[in-house]
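Some structures to go through are shown next.
Below are two complexes that have chain A in common, paired first with chain B and then with chain C.
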Partner chain A sequence: MLRSKTTWLLVGKRLGIALITLVIVSFAVFFATGLLPGDVAEIMLGQAATPEAVAGLREAMGLDRPALLRFLGWLGGLLTGDLGTSYVNKVEIADLIAGRLANSLRLAGIVTVICVPLALSLGIAAAMWRGTLLDRMVSVLTISVISVPEFMVATLAVLIFAVWLDWLPALSYGVNVDSIGAMLRAYAMPVISLSFVVSAQMIRMTRAAVIETINTPYVEMALLKGASRPRMVLIHALPNALGPIANAVALSLSYLVGGVIIVETVFNYPGVAKLMVDAVSTRDLPLIQSCAMIFCISYLSLTTLADMIAILSNPRLRN
Partner chain B sequence: MTESPLVSVRDLRIGAVTDAGRKVEIIRGVSFDIAPGEILALIGESGSGKTTIALSLMGHARSGCSIDGGNIRVGTHDVTAMSEAGRAGLRGTEVSYVPQSAAAAFNPSKRIMDQVIEITAIHKLMPRTEAESRARTLFRALALPDPDHIGQRYPHQVSGGQLQRLSAAMALIGDPRLVIFDEPTTALDVTTQIEVLRAFRSVMEKTGMSGVYVSHDLAVVAQIADRIVVLKEGEIQEVGTTKQILNAPAHPYTRELLAAFEPVPHVPAGIGEEVERKPILEVRGLSAGYGAIRNGEPVAKVLKNVNFRLERGRNLGVIGESGSGKSTLARAIAGILPAYRGSVHLDDRKLEPALHARSKEDLRRAQIVFQLADTALNPAHSVGAIIARPLTFYHGLRGAKCDARVAELLDMVHLPAALRHRLPSELSGGQKQRVNLARALAAEPELILCDEITSALDTVVAAAILELLKELQRELGLSYMFISHDLSTVEAICDDVLVMYKGEVVEALPVARMSAEAAHPYSRLLISSVPQLDTGWLSGLEQDPELVAAFAHR
Partner chain C sequence: MSISSKTSRPLRLPTPRRMGYAFSWTGRIGLAVILFWAVIAVIGQWIAPYPPGDLVGFDYFGPISPEFWMGTDYLGRDILSRILMGARYTVGIALAAVTLAVAIGVILGMVAAVIGGWFDTLLSRLLDAFNGIPSLLFGLVVVAAVGSSIPVLILTLTAIYMPGSYRFARALAVNINTMDFVTVARARGEGTIYLITREIFPNILGPVLADLGLRFVFIVLVLSGLSFLGLGVQPPNADWGALVRENIEGLSLGAPAVIFPSIAIASLTISVNMFIDNLPTKIRDRSD
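Now for the complex of A and B:
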């Protein structure tokens, strides 16, 4: 479909805003981690360290330079892919994160592929047959899923499927994933637990967005033209609800990279969230910063994408 | 009627569930027939159930409503006994619908052509190419510009008047036997309304379809309907031919409706002729607009160099079509939209352009009343709190004194004092507008800017509000600037008229000389476009086609 110049201008503007936000966020991440209590050099050298040794280490690590200079240096490193070296085990952070990020993205990808279509269809169906048994069942289900904390879902899943029934492995990482069946088994429980958490919100928001457009005069007009309910909803209501739905999906999915620490812990899954928590406990500043930036970037790119979908689906900006 | 009627409705009862869960009957035993080829008008105020009845002919009840009893027959179909799927099969092919606001009834994300021919796709009536060529024929019959390509546009790219005609094409594409027009010209300017009415009438005459025309405007209905059903509170008051209803109304309510339509000539207020009248409001070279400011001027300039004087105790009417800058003028005078050039003088004192820079005293002296009381009144505040706020703000009244003044103000606008505990949503449209007015009066202003305050009201209610305004003027010595798109309303209350067109004042005249002496072609077009309570008015109306082409472009 043809898009006017204004549309692209708006898209460009939105991208620009995202970039500016990213710089501000990086600033906040850098200085907020600097506020963490304790001095890195002291912690690394232990309680018995002499003040001279601490000062020497601080100088060697560049910690005595002004904060702004350190920030610019760090930002420059980020841009060139140099994330720095871990304070704790002297490994390149890029190497530390690479494997973990791949794990996190794999899990997030699987959950996305399963959840988004499922949640959207359930939400749309509930809106289409509003007030029916199906709608009420979906509503009750989503509310109960939202109300149950995810550690409960995860723990119960382990208890039932791994301990009592012994159908699935309790740990999903490091088990044999040679065949598709084995891989499905390995990922089944974390994926199910995460799906529970993210799809409930998506279903509710999709249903609300579609119902809002169903109540507009042009959807009533479609009904008065003799359109069936599916036609009314899919052809007339849904295209105008894309913006809010995209935003709801983006918000839910952004949780999958940074917010899954509980699920990662319960299933002992080596993802980025767990890496960050470990980094906090060892005061590994460069690692904390890098992880935080990854979460921020994933969140920002998802919301930016959603906003761009909303802009592109706005008919008033078409030629 | 010798032929058997196309539509017969017997003892129709429709119930609704209120927000409080109470069940009320909104249509109480309505019966009428429509002969083939006949156009029947349903007339009544808002809340009289006219749209509800019209929609029930398609087997549709809006959410919360249900058809509880009676019988509706369209052709050979018993609508009340059909399944939902059966009714869907009827819609668009047997009975079709022209909505009140075409702007809202067109899906913003789909091209016009796809929506116009959707009925043929839903009911599999004809192949797409045939449907499109049929649509283009209809576009031509409805006198739409560029009939071959208008379908390729999106709804927001054509004007309101064009959309309204396109919605008629959408209704006619499936060759229905009955077309329901639901206040199709209410949202249009008078100059546009004529073209749309003409287009509707000629198409209906050519095709010989039956029609139901829902409206609150007797003058519009007089031009198009054969028979009129007068409704009030879900009951039929009177049924008769258009001529009989207009000339020999039998029911008192019909007479009341007709009386509200009769122009009440305005007698200028003020006792005797004072030697020199001082202007309460003077506007000099006022220019205002919206958008980003470049070189000291906004990007979208709306008002261009407006000049006028309003003398104390007199009323000034501002008239023009939508988009002519009437409301912008009120907003610029009130300071809500600061003018970028020119000045506003209140009692010879120059006012600051922007609201926040004006003194409390200046703010108090000029108050504004907005068109939609629904959006102007905070839905979470009680009527008492809404009126008390300006009392505290301007006069520092609190406690018992404030309460007493609220009661006084409510009495001034003829509302019972007990209403103060209600929320705006619990009031009728007329009552809300009175509260809106009482809030402006609370400041004890000298000048009230009324922005289309009767436009959203029914004729009878609007007439009562105008009466109230006159009464308040006599008692309090107010001056009004009265903005309206309706010439007869302005004639009923104003001494002088400004005619606005595209942000400029094209004519300024005393109202009494308006129809005789207006010289500007747009003023003349406006005057001739006001519908008259005469069945032959539209047919006999001759307007200069060039004039229409030049000014009624919407």
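Now for the complex of A and C:
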């Protein structure tokens, strides 16, 4: 397909905005964690520290430099992959995060592979047979999942699958599983909970996107010509709804970011989110900053991707 | 339907139903549950059967009994009393945060729409950037840095949801701003404050109220999420999210101590959604 200059200009503009946003976000993350009452050096040395010791540590940590310089130094470190060292156990943060990130990405990947086909078919089916029992059931279910907190979906899943049905273990450790069966069982609960949260969003948005296309005159024309409902939706409406649907998929996947924080905590899953929540309780600021940036970057890339799909798939912008 | 009402039109009195201000039954049920929790948030302290902090049962994770209607928690405290008390934290904090967020957002949004120019561009870009931070994460980072207390929670939740409210109000106000009556008022020489309070605000009030309801739900969800992670309301006090966290160990026993606080949260958020979805069209959207 040939895209005109304007389309690429819009894409470039969107990318530029994303980049500026990223800088502002990193600024916000850095200074929000810098708001700490008192001083990191004082907190690390405890109450009995002498002022000289505190001053020494401040100098060693570079805390006596102006905030803006520290921010630029930190940002430069992020870009070159130098995330600094953890306050608590003096380990390189990059080493701490690497394995955890792989675990989180694996969880997100499995959820994506399950959710996308499931949510798309349910969303399209609900739009195709709008107002039927199927549509109503899907609507009630998705609205209920969306209006309750993520941890409730997770606890409900444990209650149903682990306590009442006794099919799956309630807690997941995700590592050291020898057989495929054991691995499936260990991943099942986090994946099920997260899938519910993400697909509820995806189904709703997909359904809305398809219905919007169905309401256009040319699709109505197809129905008047005598096309069946499935033919009308799948052959006539769907090609035009693909852009908005892809946009909806990328947007709903950004709900993974919030959901993963809760789900990893509930199930004790060794991912980045669990690492971050633990870092919050020990107030390990460099670790919190790095984890927060990982989440912000993934969130931002997904929302930017969603916008770019919307731009690229809109033929009205093609001139 | 529309044809029959046009051909034979009986005497139509302007009742609320005909004016488009009537609530559907789903909306009424939603409103009833919201009012119920609002009343509980105020009087919960006095109608609780036991003091919420007292160990009253001998058993932890006790079952439902005539003595303890919702069982007991991990220390043997009465869950019903703790839920009645928790209503004050959940509803109170969320209400304070949503009021602040929407008030600031709407005022800034209207000012940006009326003034326009670089002020509008700069503010919009900046606040849009804040939308690039996932909400739960924002809360996590701030609470990690500043520590958790009720004022911090309220301000954090305000900061998270203010940009969205600004964006919403600005979009509405920009539309109103181009209308003739605003142009006339401007030609009369009215100032920004007059334009905002007299011309624009009354015309965006309905949608803004609906938006306030939705934002209230989001805030309840994030607040419960933070409390669930142990970063929200701190012990010995507990909101509903914290109640779920405290008793999560009882989940594998299927204890009522986990289930009832969850039901409380769900009942509140679902009924607000039900209420907002069924708002009379005249309030939701005044454009027609």
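We take it that the second predicted complex is superposed on the first by the 277 of 319 C-alpha atoms of A that agree within 3 Å, B and C clash if a C-alpha of one lies under 4 Å from a C-alpha of the other, contacts with A are read in each partner's own complex, and residues count from 1 in each chain.
Assume a contact is a pair of C-beta atoms (placed from the backbone, for glycine too) under 8 Å apart; a residue touches a chain by one contact, two chains touch by 3 or more.
Everything quoted here is computed from the prediction, not taken from an experiment.
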- Message: Under the stated touch criterion, which partner chain does A:L285 make contact with: chain B (first), chain C (second), both, or neither?
- Response: second
- Query: Does the superposition put A:Y218 against chain B (first), chain C (second), both, or neither?
  - Reply: first
- Message: With both complexes overlaid on chain A, does A:V29 touch chain B (first), chain C (second), both or neither?
- Response: second
- Residue contacts on chain A - larger count, chain B or chain C: C
- Is A:A227 touching the first partner chain B, the second partner chain C, both, or neither of them? first
- Message: Under the stated touch criterion, which partner chain does A:S313 make contact with: chain B (first), chain C (second), both, or neither?
- Response: first
- Task: Figure out whether A:I97 sits in contact with chain B (first) or chain C (second), or with both, or with neither.
- Result: neither
- Does the superposition put A:E150 against chain B (first), chain C (second), both, or neither? second
- chain B partner contacts - residues on chain A that touch it in the complex: 215-228, 231, 235-236, 239-240, 313, 315-316, 318
- Query: For chain B, which residues are in contact with chain A within the complex?
  - Reply: 55, 58, 60, 62-63, 85, 88-93, 96-97, 99, 101, 104-110, 118-119, 122-123, 154, 156, 170
- In the complex, chain A touches chain C at residues 17, 20-22, 24-25, 28-29, 32-37, 143-144, 147-152, 155-156, 158-159, 162-164, 170, 254, 257-258, 261-262, 265-266, 276-277, 279-281, 283, 285, 288, 292, 295-296, 299-300, 303
- Task: Write out the stretch or stretches of chain C touching chain A in their complex.
- Result: 125-126, 128-130, 132-138, 140-147, 217, 221, 224-225, 228-231, 241, 244, 248, 251-254, 258-259, 262, 265-266, 269-270, 272-273
